[in-house]
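Shared between the two complexes below is chain A, which has chain B as its partner in the first and chain C in the second.
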Partner chain A sequence: MSIYYRTSQYLKKRIFFFLEKINIRSLLLQLGIFFLFGFFVSWIIHNTIINLTQLRITSGLGFLKMRAGISIPDSFIPYSEDSSYTLALISGLLNTILMSVFCIFTSSILGLTIAFSRLSQNWLLQKLCMIYVEIFRNLPPLLIILFLYFGILQEILPPVQKSLSLPFHIYINQRGIYCPALHFQKIWLWSSSIICLSGFFIIRRIKNPFNQYILLLHLMISLAFIVWLFYHDTFLELPKLETFNITGGRNISLEFLALFLSLSLYTSALISETIRTGIEGVNNSLKETGLSLGLAPGLVMRLITMPLALRIIIPPLTSQYVNLIKNTSLGIAIGYSELMRISNTVLNQTNQSLAVVIIWMGSYLSLSLIVSTVMNWLNKTTLRGHGH
Partner chain B sequence: MDIKDMEEQSSYIRKNIAPSEPMLRTSRQSTYHWLYTHLFASPINALITLLLATLIIYIAKHLGKWVVLDAIWEGKDRTVCATKIQGGIQNNDWSGACWAFVKANYTQIIYGFYPPEHRWRVNLTGIIAITVNITFLMPSIPYKFINGFISLIIIPIFSWYLLHGGYLSLPLIDTQLWGGLMVTLTIAYISISISFIIGTLLALGRRSQISILRLLCILFIETLRGIPLVSILFIASIMFPLFIPHEITFDKLLRALIGIAIFTSVYIAEAIRGGLQAIPKSQYEAATSLGLKYTTIMCLIILPQAYRLVIPAIINILIGMLKETSLIYIVSMFDLLGMIRITSIQANWITPQTPATAFVTVAFVYWVLCFMMSRYAYFIEKRINLFKQPMIRSKNR
Partner chain C sequence: MHLKNIALAIYLTIITTEHVSASTLDTVKARGYLQCGVNTGLIGFAIPDKKGYWKGFDVDYCRAVAAAIFSDPQKVKFIPLSAKERFTALQSGEIDVLIRNTTWTMSPDTSLGIEFTAVNYFDGQSFMINKKKLPEIKSPLQLSGASICVQSGTSTEINLADYFKKNKINYQPVVFEKFTEVNAAYDAGRCDAYTTDQSSLYATRLQLSAPQENIILSDIISKEPFAPAVREGDQQWTNIIRWTHYALVNAEEYGITQANIKNMIRSDNPNIQRMLGTEKGSHIAQELGLDKEWVTRIIENVGNYGEIFERNIGKNTDLKISRGINALWTHGGLQYGIPIR
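Coming up: the complex of A and B.
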């Protein structure tokens, strides 16, 4: 009897305790928010369905297989107007990625150079770089793009008939840059890149820098040999200047050039500020310690300042890169065929707004996610061995 | 052994005062010295200086010629800015800025197609906004709460009604007619106030105890941070009408404005979250132990301190937003950039020089606005740093 009594008492206590712990008020609040949100979402879906049926649009992904009919002048993959919407979108995504990679590379190097120039002893260089940074970071990127494309490149470059011809068969005109194209079978591209990558991983394992260097030389020579041995079907196609056109060769379009240049200029100004604040954020006494140990200023920068500065630099640099990827979508203003322009054309042709928006979100989110993952990994490697 | 013996034994202790060394050459402050240390410290430095000087002279010569010497200041149509081949009056090798174009079209660049007889409404809004905000932005003037309420809530609503009209005796002016600098500033200003409020709510939501609210806020913030503003503007202009019942119609400009505001609010939320995290936990605990409610704690204790910490970061976000208002040109609305673009390709003004002139003008306007904002952020940051010391101390305690 007493045991039963105790148990029931215990259970009662437990239940009350549990009830106290879950906090009825908070639970009700959560349920309320959940239902409110659910109601809101269902209201939107309800409206969308009604509107779509009124507009006689059937949603679905079936349209992706249809013929696109969009012309993509600077496609990265084999694409024609008869290709499907899927291929058009993939081509746009690849163009976005290509543009992002190019811009990230250039703007990082330019930004680093400008940051170091602003920290240099030379007063003139300092001030000039300051002016550069202040000009470009206070202008809208869209304005820079339009200015470069409509204001400068389209006005100063000659028409096709009067193309500027540079050495190595490079022609510049209003349609962009024409340069010699290297044609080869794809299998050789893949095999050589695999050899390069494996060589890179082997080199990383070797500690001695001199051996690394020797191995790198060997690798390059052997790679050149392999290329020479197997690339019988490789040939160089030179662009030919005709009366009204240029045939052959590779064309780098004016849109690509304008977007690439302006985004690089804009982002490099922002990146240089990030890098400069990072370098200035390193405790000065550490640099002085390095100098007093007899290290040369360059070595102090390389061994002491930069590793410490990278910890401050990398998190904001990640967001700069993500912003850069998002800014490539401005190519739509000058007609560079990146994802945003192509998907917008798809949207206008098919009215499949839901699907297109999901494609936008998916692609841009995953691109930003990839960049932040890579940068986080980089950040971890900079923190390694410093008690973190 | 006393000290004197020690001194005699040790040969390392100096017995008489050393003669003072001659003053170092580098400590002499003269023009020559300044030039030596700042421009010609080493052969490489000297080379860089000379190269840069040549570059500067070259650029300044051409730019000065284009902007001032060869520029056209007066004129009625495109003939003054076009060469003879292009149907104008200039020599064929002429190239210079066409300021006459800006002079002829400046009202359109500022007001768009807003009816001339109603432009006083724009001017009035501008004057009221500037006077109220000067008092709001100066740190030494008291009553910040009331002032903030007026400039962030009352003025946006008031200015929308004054500009849009459609009530009392003010005739309605459709937003299709709006354009130019006026649209840029209106969108920027109203978006600032909306995004400030939404951003604060999102930041609080992301740090709240209610897990479902926190989850929704995180999802919302992280999704919007990953996609470009252009796509949000497209969603606002194409998708939004699908989401609401078709009887309700929203103004196109208002939709873009809300899109920009929501996009900015996500970034502001992240900045404010940083400020909230910097507030020591003891502040929350002290306030809770006094028996204050959540809203009281937040409004009177935590948020004022958090705002003060993140003002520079918020202003930097707002600079970014001001720059990004130009994107509404892509969804075919005419802000400053869009307006000057369409005026520069009008038939009676189109010449090879007009687009460049137009863009230089717009660039100057944007640059001045953004530079002023960034200087203000810098000023506030310096002011905050003066007060930072006591806060850190309280955190350590």
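Coming up: the complex of A and C.
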């Protein structure tokens, strides 16, 4: 056979193999979809530009660098009227994240407690928790927020001049909670965390008595150092009453408090239901097997029921968390400076609807995606951890 | 967020229409009524009564325009808009004209594709405090460290920040989105002071649980010229709104009122004749796209500027606002009717 023939046969084979592998039809389909999508996107962009020019609306992202001129209560980062719109939006985003983290933490713990109480043998506890769940689960969160803020907190808390004063210089009034602030230099924070970390590594390596001495030495030296730093750089700022407000110290605003409490209560009711159904969803025979093997009920819960229940719980729990994040945007109703409120204000001051709506949607989408990713990862690890 | 902004975003991306061609006047005439953007509920300016009938200074302006076009002042659909929705509603064509205590400032005028027509009310920003709780406060400069309630998305919010920065005083802003929420929070004592346009403060005070305990400080910290706004690009429509205002002011200047209009039609004063369309061969109105009797119909139905003012916000109303700088120029005020000729 000629070399030519052999090569062409070979090539033919390769090409067929290739075509077989990639499946030409699906490739064409994907290319088609890709082009259609690309066309759609460019059509939208083109259209938007034409519409904007026809309506004589100025647009773009240039406004982000401008001085914002608005003031933001409860800013988590240093922000002033002279900061840019970008910083204003970031400050709002951070407040959203802060609120979400606090609420996720509290509502999870509360939800877990309630779920277990409902599964307990104690009749009264069980019924009380059921009432709690039914009340909070069935009310719209906005209603809870408004009622708590305007109906309860504003009404029962005393005005500034008659602030409730608690031990440790903590004051509560109609405008929030005021407590002493501990001011320290950053170096204190850094050095103590470095010392703690190194101590942790030493502990992990204790194998012989000699290392134990080192650990002891380390502990003593670092303790002395921390105390020394503490006395040098740290001071306590106490809140004090002035003409209009209590100033100084840390201030947790009423808006933060109301939003935090109502979202935590609302979400904990939902979470407790998720956990309860998850636990009840585990096959009873498995629990009985555990019990008949002589395991204590607590151990059965920990070793058999919980790991299996987690697999049922995590997916709906994820959407509960995502919903919680979206619900923080209800803070706008009581003036908590979260992302929604700030972007609304930015939008109103600049009237850049398009850009602000895109930034705003993008931020919530990213937050939700991050939570889903973390929870998916958690789900995978629990699955892997139990032999699946 | 707010549906209107999302709707506008979608509208801008998807719709492909020719915005330019149809004239607003033709659209309004074909529709049979005017769509007028007003406040959600501000006593004296725009608020529906128990039966749902809209009343107020801004509302009467809408009715004046309707009277000029249709000879029926009731051919208006009132569309209540919050501070944040108002410009979007105008841009997207949901309303034909925005008459809603809206301050004429440069940036909306130049960058939003909208245009302000004429100043129908000169206002300024002020503060309201509870005089029972804070008897010593006479000026906003004494408000150092105070919590101040303000509605977001207004020019008010920026003025507040500017004023305190300029005077190097600290304050704690408490910012709400909705008018009703600012009121509720101030009423509950969440803030020491409430700031917004002075006219709105008079209106808000009436809705508090104890109006007589609250006073409005006389210091004015900003300029708030309210002006009706329209979409840019339709000069005929802009002119109709603008000249409706000047017709109202000129009518007051010439003493034409709702009561005497029947006699005024027979007046031999050329200025009055020109305005009321009785001058021979006059075609001023045609150039606006209206007929000769447009001013006559406006005055017949809503009265002149002074009458609108007194009926809705003047001394004999609950608001008891005096004409102040809104008096005619002939009385030392700023309202000056550009000649109709």
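Brief remarks follow.
Just so we're on the same page, the second predicted complex is superposed on the first by the 277 of 388 C-alpha atoms of A that agree within 3 Å, B and C clash if a C-alpha of one lies under 4 Å from a C-alpha of the other, contacts with A are read in each partner's own complex, and residues count from 1 in each chain.
By our rule, a contact is a pair of C-beta atoms (placed from the backbone, for glycine too) under 8 Å apart; a residue touches a chain by one contact, two chains touch by 3 or more.
Since this is a predicted model, take the numbers as computed values, not measurements.
With both structures placed on the common chain, the touch criterion links A:179 to neither chain B nor chain C. When the two structures are aligned on the shared chain, A:130 is found in touch with neither chain B nor chain C.
Contacts of A:69 after superposition: chain C is touched, whereas chain B is not reached. In the superposition on chain A, A:170 makes contact with neither chain B nor chain C. After overlaying the two complexes on the shared chain, residue contacts for A:244 are found with chain C alone; chain B is out of touch.
By the touch criterion stated above, A:333 is placed in contact with chain B and with chain C alike. Residue contacts after overlaying the shared chain place A:215 against neither chain B nor chain C. Applying the stated contact rule after C-alpha superposition, one finds that A:34 touches chain B and leaves chain C untouched. Once the two complexes are overlaid on the shared chain, A:54 sits against chain B and chain C alike. When the two complexes are superposed on chain A, the residues of chain A that touch both chain B and chain C are 44, 47-48, 50-52, 54, 150, 154-155, 332-333, 340, 344, 347, 353-354, 357, 360.
Interface residues of chain C facing chain A in the complex, by the touch rule stated above, are 1-2, 5-6, 8-9, 11-16, 19-20, 83-84, 87-88, 91, 107-108, 110-113, 143-147, 152-154, 157-158, 160-162, 165, 172-178, 181, 184-185, 188-190, 192, 231-233.
By the touch criterion stated above, chain A contacts chain C in their complex at residues 44, 47-48, 50-52, 54-58, 69-73, 81, 150, 154-155, 159, 174-175, 242-245, 247, 254-255, 332-335, 337, 340-341, 343-345, 347-349, 351, 353-354, 356-358, 360.
Per the touch definition, chain A reaches chain B in the complex via residues 26, 29-30, 33-34, 37, 44, 47-48, 50-52, 54, 121-125, 128, 134-135, 137-143, 146-147, 150-152, 154-155, 322, 326-327, 329-330, 332-333, 340, 344, 347, 353-354, 357, 360-361, 364-365, 368-369.
Chain B makes touch with chain A in their complex at residues 37-39, 41, 45, 48-49, 52-53, 56, 209-213, 216, 223, 225-231, 234-235, 238-239, 241-246, 319, 323-324, 326-327, 329-330, 337, 341, 352-353, 355-356, 358-360, 362-363, 366-367, 370-371, 374.
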